[in-house]
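Common to both upcoming complexes is chain A, partnered first by chain B, then by chain C.
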Partner chain A sequence: MKLPSIILRVMQHWLVPLLVVVSLFLLLRGHDEPGGGFAGGLMAAAAVILVALAETPTEARRLLRLHPTTLIALGLLVALVAGLIGPLTGKAFLTAVWLKADVGLFYFKAGTPLLFDIGVYLVVVGAVSTFALEIEEAAPLAPDRTGATPAKTDSVEGGAPSKS
Partner chain B sequence: MADQIVYIALLIIALSIGISMFRFVKGPSIPDRVVAFDTAGIISISVIVVLAHSFGRLIYVDVALVYGLLSFIGVLVAARYLDRGL
Partner chain C sequence: MNGLVAAPMLVPLVTAAVCTLLRRMAVLQRGFSLVGSAVEIGVALLLLVEVNSSDYLVSNMGNWQAPFGITLVIDRLAAVMVLLTALTGAASAWYSWISLPKSALSPAFHPLLHFLLMGVSGAFITGDLFNLYVCFEIMLLSSFVMLVLEGKAEQTEGAVKYVVLNLMSSTIFLTALGLLYAKAGTLNMADISILAQEAVAEHRAGPLRLGGLLFMVAFAIKAGMFPFFFWLPASYHTPSVPVSALFAGLLTKVGVFALIRLHTLIMPNDVLGHEILLVLGVATMITGVLGAAGQMGIRRILSFHIISQVGYMVVGIAIGTPLALAACVFYLCHHIVVKSNLFLVGGIAADCAGSEDLRKTGGMWLAWPLLGLLYLVPALSLSGIPPFSGFFAKLGIVSAGVERELWWVVAAALATGAFTLYSMFKIWIEAFWKDHPSSGFRLAPEQRSFVRLWPMLALAAITIAIGLMSGPLFHFCEEAALQLLNPNGYIHAVLGGRL
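Right after this comes the complex of A and B.
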């Protein structure tokens, strides 16, 4: 089958790591400042959509490693574990438990809200990639329904225009 | 002095959004309208940055960053829809 334009595919190699890094940045600072699991998950899902558009949906599924539905289940499990840490310390369900430490230059602070945000992140990535990949795989792969489009792209890529 | 610079920048930005909205309304074909919409989106990133400066909220710059990364994908999906259909 015909792959999308070379500009898009080259740009995707640069943009996808950037999107993933910014989404992790949004996830990790989410409990104190704007951001959080939902916004970060949407950015990571945008990276998946970009791969599915620039390469193929199969390539996007290979990059995800896990099936999107598995990601949803994993995220819900992580969120449930984050909620159950509260009862273990003798407080109510979903109580925030913080772990703070002063490690030299850094002030390290992590807790169950971060764990809950990671769960939300996984659920959002899984759900949005499920929607996008299903829609993309159901779509026709080549623009063969209209007669004019393949001839135009042939002349751009191959040099000599084909006869069609 | 800094206030005047911000006002002039906002004036120029408003003018350019007006120009791209003109193309959005008038544009004969659908790709014209998509490109005009993308242009207006990129200009609105500069609106966010100017507002971040004048309100003194540095956090708005992150919003501009994220929007700049994501508006590109929106136009990409629109172009793919026009090319192949949903």
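Right after this comes the complex of A and C.
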């Protein structure tokens, strides 16, 4: 029943930052190329799940800082604000408004679709983390070595006496 | 003014998101939920006034032009449905505040309520079949969770049937969307309407008809029509009272609304034929009312009556004359208000009498006469007694049947009315008139506090107002029906220069 968690725990320290960076990369390139808020959000949620499996769900929640449900609500509001900037300039809801700037060597371009994608990113991270953490807390896959939820770990081991 | 077109979806979205953030602060959350509901009603009234003068309000999301972008369209029918949605949502939120003990309500109730309203209003204002599907899903996902909020065993049992049958309907809907898109290359309702009219003119409407029939089945399941209604009486009596009042008022009516759009706009000029719908509508009326006769639970009886009332509306769509469609729209206005109110009053009565089972209730008339009066207004209206709103709604449907000389439909409609009266009086006699089975039955003062009745008083006032002002209101419904029967007006408003 025990997962080979020492490998997972060591790798986790390397993989989680990497996953988060790649997820942000996907988020930012998403408007014109493959990627975007949804794919990026899923990858960030994968990082959260990895922490929950290698360490504990409590640790994953601590890492998120905000409650996953709060993330969903904030994401919805961010996406909504992105949609409402269009109407402020007299256009229809969700109309894209772009800012472009040439600063020396850099060409800078940002707009409401990016803001909308950030909203989607937050909603996806929040929603997937909610599902995964709730399920993991209700029926932990990995035995918990820190003793945060000893009763549940016991019952899992009691339920599956065959050591495989 | 076209900037407001998206508001019926945006206001609930903001309210839901903020209510989610406020989930730890019950009082603030309830307050914000009510404010949001009030804003929704205000927006809906504004839109109704606006649409009455300018016929169609159209907005292309993100400035992508129809038929390629997402289009929102509000005509008279959509505007009045959005208003009814907002009213029902407000009544439900209000009831949950003042009529339920604080601990009885999950913090997820208010966010889900507004997500559901967003889906329902979205379904009414969208001009695109795929977005109709998305809005159905928003509405269904919220309703799945709302059904099991208290986690009781009977709720889960009801929810399983509800979820399975509704997912089946969604699957059929999605299949039909795929077929239609493969055939027509567009899912914009106005665009499909043009293609359907051309196809009929050139006698090659066969494939379209197949897609249309699949849509009809999908919408018929949502509307709770015969023979697909089993999910409804299995689940509507299990959730808490404000939830079931909301479901009873709105969910099946979204199916009816989709059927109206299907038969007047998407597949106009009898592409589908009206005979199937007429037969199914009459069967829905009769099975619903007969099913109710055998029930003893207050909300179970009321659930079966939703089905039979949906039958009247479907018959209105199937007859399809201007008078019949106007009567159908009038019926929708009357029915949503009355049905939500009956569920709310029934919930209070069951709470006071100690049970929903009619055999274990009684004595409510002596204990609380005002509640009895509040029950009688929607109950008599539902059975079609003048001068209440239901009389004029039924009168419209029956005279449309007489006009087309569909005597068997007229006979079925009148008989259903009589049986409805029987069911309403069964609840009246068992819950209000007869003595309570336990001899020392008394209501605690906090149980019969007047404050609990406000939402029901408001809805009853609307019912009476609909009855008293039926003339001008029916005139409005006739205009809405004429608008529905002229799909080219809608097409022109959406596609404009492309015609």
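As a working rule, the second predicted complex is superposed on the first by the 135 of 164 C-alpha atoms of A that agree within 3 Å, B and C clash if a C-alpha of one lies under 4 Å from a C-alpha of the other, contacts with A are read in each partner's own complex, and residues count from 1 in each chain.
In this section, contacts are C-beta pairs under 8 Å (C-beta built on N, C-alpha and C of every residue); 3 or more make two chains touch, one makes a residue touch a chain.
This is a predicted model, so every value here is computed, not measured.
By the touch criterion stated above, A:Val21 is placed in contact with neither chain B nor chain C.
By the touch criterion defined above, A:Leu99 lies against neither chain B nor chain C after alignment on the C-alpha atoms of chain A. In the overlay built on the shared chain, the residue A:Leu53 is in contact with chain B alone; chain C does not reach it. By the touch criterion defined above, A:Val10 reaches neither chain B nor chain C.
By the touch criterion defined above, A:Leu80 reaches chain C but does not reach chain B. Under the contact criterion defined above, no residue of chain A touches both chain B in one complex and chain C in the other.
Across the interface of their complex, chain B is touched by residues 8, 15, 18-19, 22, 26, 33-35, 39, 43, 46, 49-50, 53, 135, 139-140, 143, 145, 149 of chain A. On the side of chain C, the complex with chain A involves touching residues 2-3, 6, 10, 13-14, 16-18, 20-21, 23, 59-63, 111. Across the interface of their complex, chain C is touched by residues 69-70, 72-74, 76-77, 80, 83-84, 86-87, 91-96 of chain A. Interface residues of chain B, counted against chain A in their complex, comprise 59, 62-63, 65-66, 69-70, 72-73, 76-77, 80, 83-86.
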